[in-house]
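For clarity, chains are labelled A, B, C and D in written order, and residue numbers in each chain start from 1.
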Amino acid sequence: MSGLTYHNIKDIRNIKLHGRMDTGLDVVPLLSNGHGIEVNVSGSQLWADVEADYTDFEPWAAIEINGELISRFMIDKGSHRICLFRGIDSSRITRIKFYRELQAMSDDKTTNIIIKGLETDGEFMAPPSYDYRLEFIGDSINSGEGSYGAVTDEDWTAYCMSYSRTYVNLVGRMLNAECRVISQGGWGVFSGWDNDRRHYIPRFYDRICGLASGGANDKYGAGRSYDFSSWIPDAILINLGTNDCSGFGQPPFTDPETGAVYRLNTNEDGTFASGDVKLITDAAVAFLKTVRKNNPTSHIVWLYGMLGYKLSLPLSEAVNRYITETGDKNVTYIQLPMVNETTVGARLHPGLKCHKLAAEIITDYLKEHFSNQPLS
Amino acid sequence: MSGLTYHNIKDIRNIKLHGRMDTGLDVVPLLSNGHGIEVNVSGSQLWADVEADYTDFEPWAAIEINGELISRFMIDKGSHRICLFRGIDSSRITRIKFYRELQAMSDDKTTNIIIKGLETDGEFMAPPSYDYRLEFIGDSINSGEGSYGAVTDEDWTAYCMSYSRTYVNLVGRMLNAECRVISQGGWGVFSGWDNDRRHYIPRFYDRICGLASGGANDKYGAGRSYDFSSWIPDAILINLGTNDCSGFGQPPFTDPETGAVYRLNTNEDGTFASGDVKLITDAAVAFLKTVRKNNPTSHIVWLYGMLGYKLSLPLSEAVNRYITETGDKNVTYIQLPMVNETTVGARLHPGLKCHKLAAEIITDYLKEHFSNQPLS
Amino acid sequence: MSGLTYHNIKDIRNIKLHGRMDTGLDVVPLLSNGHGIEVNVSGSQLWADVEADYTDFEPWAAIEINGELISRFMIDKGSHRICLFRGIDSSRITRIKFYRELQAMSDDKTTNIIIKGLETDGEFMAPPSYDYRLEFIGDSINSGEGSYGAVTDEDWTAYCMSYSRTYVNLVGRMLNAECRVISQGGWGVFSGWDNDRRHYIPRFYDRICGLASGGANDKYGAGRSYDFSSWIPDAILINLGTNDCSGFGQPPFTDPETGAVYRLNTNEDGTFASGDVKLITDAAVAFLKTVRKNNPTSHIVWLYGMLGYKLSLPLSEAVNRYITETGDKNVTYIQLPMVNETTVGARLHPGLKCHKLAAEIITDYLKEHFSNQPLS
Amino acid sequence: MSGLTYHNIKDIRNIKLHGRMDTGLDVVPLLSNGHGIEVNVSGSQLWADVEADYTDFEPWAAIEINGELISRFMIDKGSHRICLFRGIDSSRITRIKFYRELQAMSDDKTTNIIIKGLETDGEFMAPPSYDYRLEFIGDSINSGEGSYGAVTDEDWTAYCMSYSRTYVNLVGRMLNAECRVISQGGWGVFSGWDNDRRHYIPRFYDRICGLASGGANDKYGAGRSYDFSSWIPDAILINLGTNDCSGFGQPPFTDPETGAVYRLNTNEDGTFASGDVKLITDAAVAFLKTVRKNNPTSHIVWLYGMLGYKLSLPLSEAVNRYITETGDKNVTYIQLPMVNETTVGARLHPGLKCHKLAAEIITDYLKEHFSNQPLS
């Protein structure tokens, strides 16, 4: 392996960093799903100098070579020298994407992957270019829960989650779009699947990686304010509501800190109590306003339906209300097909086929939308 | 062909008639798509004594044998002896469905197919049984426009429309449901694709086959009041809005009778004028009320999206408004995937693949809905 | 319908006739599957003046408009004026193919369809052009048995056979090839499915339509010698052997005319008796020689497997033996995937999916073969 | 991680070892594709104590959890503690398969993976049971070359090969069969793709892993005689001939040791010289005899076609000749569909879709074959 040169990650200019990141660090932290690095590199091989940690949920990562998934693996605690590729004719330029599969773990704030350097016998060329920037905000669906694993798998494991097989990644490929994702299994726009009102995604939207903040990852900037002007999305796709809906079927939740008891009530006829639905739609309207405030030009799409349609009408009403209240019409609502026995993955969540169908629908929509827009 | 016995159609007890019909006639008129007869018959053959007419748009029909499409053809003017099957071992019972492919032709009120009798060497057994009753209300999508024909076909012909390849027929097969459809290409819930305000489907909802009324077909009961208590749907699926949306992009329409000029206005930024959108949503709310008044127990689903999502938010708002105004929650809104270059048929309309995808989504939804309902 | 002009079929110069035919007739007889006419016609409509007959097996026909199947129907005995299209803007040129679905019926030599004339308000333009000429020789698979009908259908009916859904038609579309087919359900290269040694396809290869000869159809030239120089195939695809194989599992057959008893014997271990297999391979070698004698330049492909692989080795041996004996290497052997529960149609025969898969494999092969050939 | 117990791999009784192995070792060597271990284990986690080596071609491995591929990765030189799973409820039994992706590397006889022990907090339960035993013998197709990687990838890398995506693995899943594979990219039944006559698979058929023998791996038994009585296949599937065929288009090969020059000659008309084809068919007949000698009861299937049909007739002739010479009829020949632009993977080799189609055809055939056999 003579001829390999070590490059501190921060010294490499021709590199594309994926995901919101604190740019003031000496390392590249992968705190969330889809966070990663991408390079076009000459040379016969490329290795990454990586450090990882976790307590309960081990981080997983994936490697794409020239746009195809080649490798997917857990990274154990400690330092690792990970081969991103080797054995390629050094006269070629190889496109490598190395990214985190596992979502930011709000339940394990020690989980992380840190890239410190890259080693190669080649050179870093101009990084890949993308036609669009897309931000995806969501829950377990965006976190790819069930996109790996047997349909009989029941445990909430790290391995069953992914970025690689989600519609996020698939839309990105189909549109040649750079994608970022903020998502957390079990969280909603108003409260979590179990009525835990601390588990709403909007809470952390203005942080770099708020879901991983408040613990060991703060040293990597997880809790810092995010500079929205640093990366302006062409479209923002919010897929929330599935866990809010779940709350109606769950017992009350007692906040362990405050003792407050939270529930969402179902009427005797099985319909949802209007006042409780309004909590969710109010939260959705408020979140749309927050997203717009921080992203004045982005097209906003609310997505819903892959795990059931029960909040479809309230969520579309929220989008309508947002439009009425603000006059902002640069927003829409797209319903996605519900998972079925052919498309289901592990843990009764969408499998790869369900993600593919969603990706096609989203891509068709965005293609048409972008083709009708003046070039920016 | 010795051994064949002629049965007047009205003397056959073991027969299932499909579609709204005037039951006081001596014949079975097929005035609209999906109208037809279905029998379980022993014997080696079955022939239909049929009369047809048209001026501009010739009627088409199809034959399904044991649940599979076998034949599809135009029926010319005049009397015909049509073979529904022959050559089958007479010890078997064969299930035959003979139905009209072409929508009710509001533009040609002479178009019809009349069944006067059946000839067989066998006997009519108990007719087929269905698990559900579904009513589909819609436009050219429900009329199967483009479900036959080359993608390059541009003319509005009778042959390019069908019942056989629509999601209506496909949902019916997947759910073992008896389906009825009321649809007309170019019509909307408020006005037609060209802003013609006479072309709204609700206008004829309480007639047996109002779209064919006002002309030669009135002698077959086309214009008579429909008795909603005669057939109570488990679900009513309304797929309207696509032509209303089209109006925004069309020139004003001048009513040839009144001279009134109708348009739907687009704002300078390309969005639709709120007041004009409200005309459509008001019409949708009103139609939901009409449908509910006539069908107190049916689950109502508003479908939309196969030819574009632009009115998705207003239509879901209309459903929400209907719920708020009436307190009736037995209604929902399902968005269907937009046609794309893989799924398109003739005349830029949904092809068979697009109908199949829609049918799967609708079937998944209804299966879940019905499984959660107490048995009626 | 003013403006329609009647053209005797023989007076139309711009017409493509499909299938082997006696050119000395005043009419166009459709004696076999795939026999038909094809025109490019301007005008708003086209009608065919047709006469048909049958005793036991009624003829079926199909209409393709601009390359897509639009209509498929039985034709009853007698004279008919059949609409091939109407309602199209008369400024367009419409491509129409009207062809017979049902195989030549060796069991009902009265079955036929005769085209006497065409009526249109337009003109016949230059007929469609094709890139290749392909001749397909086979049995029930080529006759499309089971390509229509429910998987539960058991009777040997005319409706369950087709040209439209066979791999023959599908290969033709994919390669833009003019296809002719000589096929008969139950027949083999040596003997029929039931050991009837009169039922071997080579018997009639040099007749125009020998399978329909010896009866009423001789007046349409069915039994006349075929002039092989009149239409030189680029490739000839022989799909025979399936019924020969079946004979090993059937009881002996007694020739009703000669009293001779024929059987194919199975060894105690279930394998086929070598001497009886040799009867089949000898017949295959002889047939290859016959085909080559009549078609000196055509590439010959022996196809086999869609209903089982049991004679795969003997048939490929026959092809090898033919090459050894003649030195002719312009011949190959392609095995096609056996039908399975996903691809099966009616009567345990290949369904549309099975034909599609076969068509893709054949098309891939021929594309590569033709691309390696010098242009003729 | 308290509670983990280390088990020397040789002390674990409830374990299934995959692939031919020297059973007299203290470790489990994974010298070839598909070699691996499989366990049913209770407990929350399982770790493998692994050592690996290579000079040019790094080994790759994969993990299946409950029958689904979860992870796939390169293993670097040295000792590793690899997590096979963690985070699962310890009350469950988890089925784990950990296997080598990369073929035995005849070009790098240092390449290997050695499993020394397993660590778990659970217990090893009865190992999984299989319904059949299948042995697959082949070349780059069986080695999964091109089953990973972009269609534009051109280098012969370790990452582009797999066991996980080959038809071998897919047939195994569909039939619940234990599969073993002996394969080497570029090798034939007579000589290699470049006419190298040392590169014929039969050379090493009677060794445990002869392709990896003659170097560092001999200490793991690679070169030792294989005891055919230790594992009796129900079927043996030989997919060879593709590289022999390639030789006809390649320049002569000079044996670097002997100086002998080898070529396969093409006639002026592009056909293959008969004498040279006979070298290949003689080798195929001889290999069939060898395989039969060592496996008296196994059904033998010669597979061919995924990369072209040019030797289809000679190879089927070889099978026929083998039958004639030996009287052994427990052998057949199955042609598999050639890769096309829809099914191609990297390096112009079969992609996943091509392997899936082959797997379905093989599975259909074996299902029927086994269903007709008396239970052993």
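Rule of thumb we're sticking to: a residue touches a chain if its C-beta (ideal position, glycine included) is under 8 Å from a C-beta of that chain, and two chains touch if they have at least 3 such contacts.
Everything numeric here is computed off the predicted structure, so don't read it as measured data.
Asker: Which chains, if any, touch subunit C and subunit D both?
Answerer: Output, common partners of subunit C and subunit D: nil, no chain qualifies.
Asker: Considering only mean CA positions as chain centres, point out the chain farthest from subunit A.
Answerer: Following the centroid criterion, the farthest chain would be C.
Asker: Just give me the whole-number Å value for how far the CA centre of subunit B lies from that of subunit C.
Answerer: Here subunit B and subunit C have centroids separated by 38 Å.
Asker: Between subunit B and subunit D, what is the gap in Å from one C-alpha centre to the other?
Answerer: That gives a centre separation of 56 Å.
Asker: Which subunit C residues touch at least two other chains?
Answerer: none
Asker: State the interface residues of subunit C toward subunit D in the complex, per the touch definition above.
Answerer: Against subunit D, the touching part of subunit C is residues 269-271, 305, 309, 312-314, 316-317, 319-320, 323, 329, 332-335, 337-338, 340, 357, 360-361, 364-365, 368, 372.
Asker: Within their complex, state which residues of subunit B touch subunit C.
Answerer: 56-58, 65-68, 70-74, 76, 81, 83, 85-89, 92, 148-150, 152-159, 346
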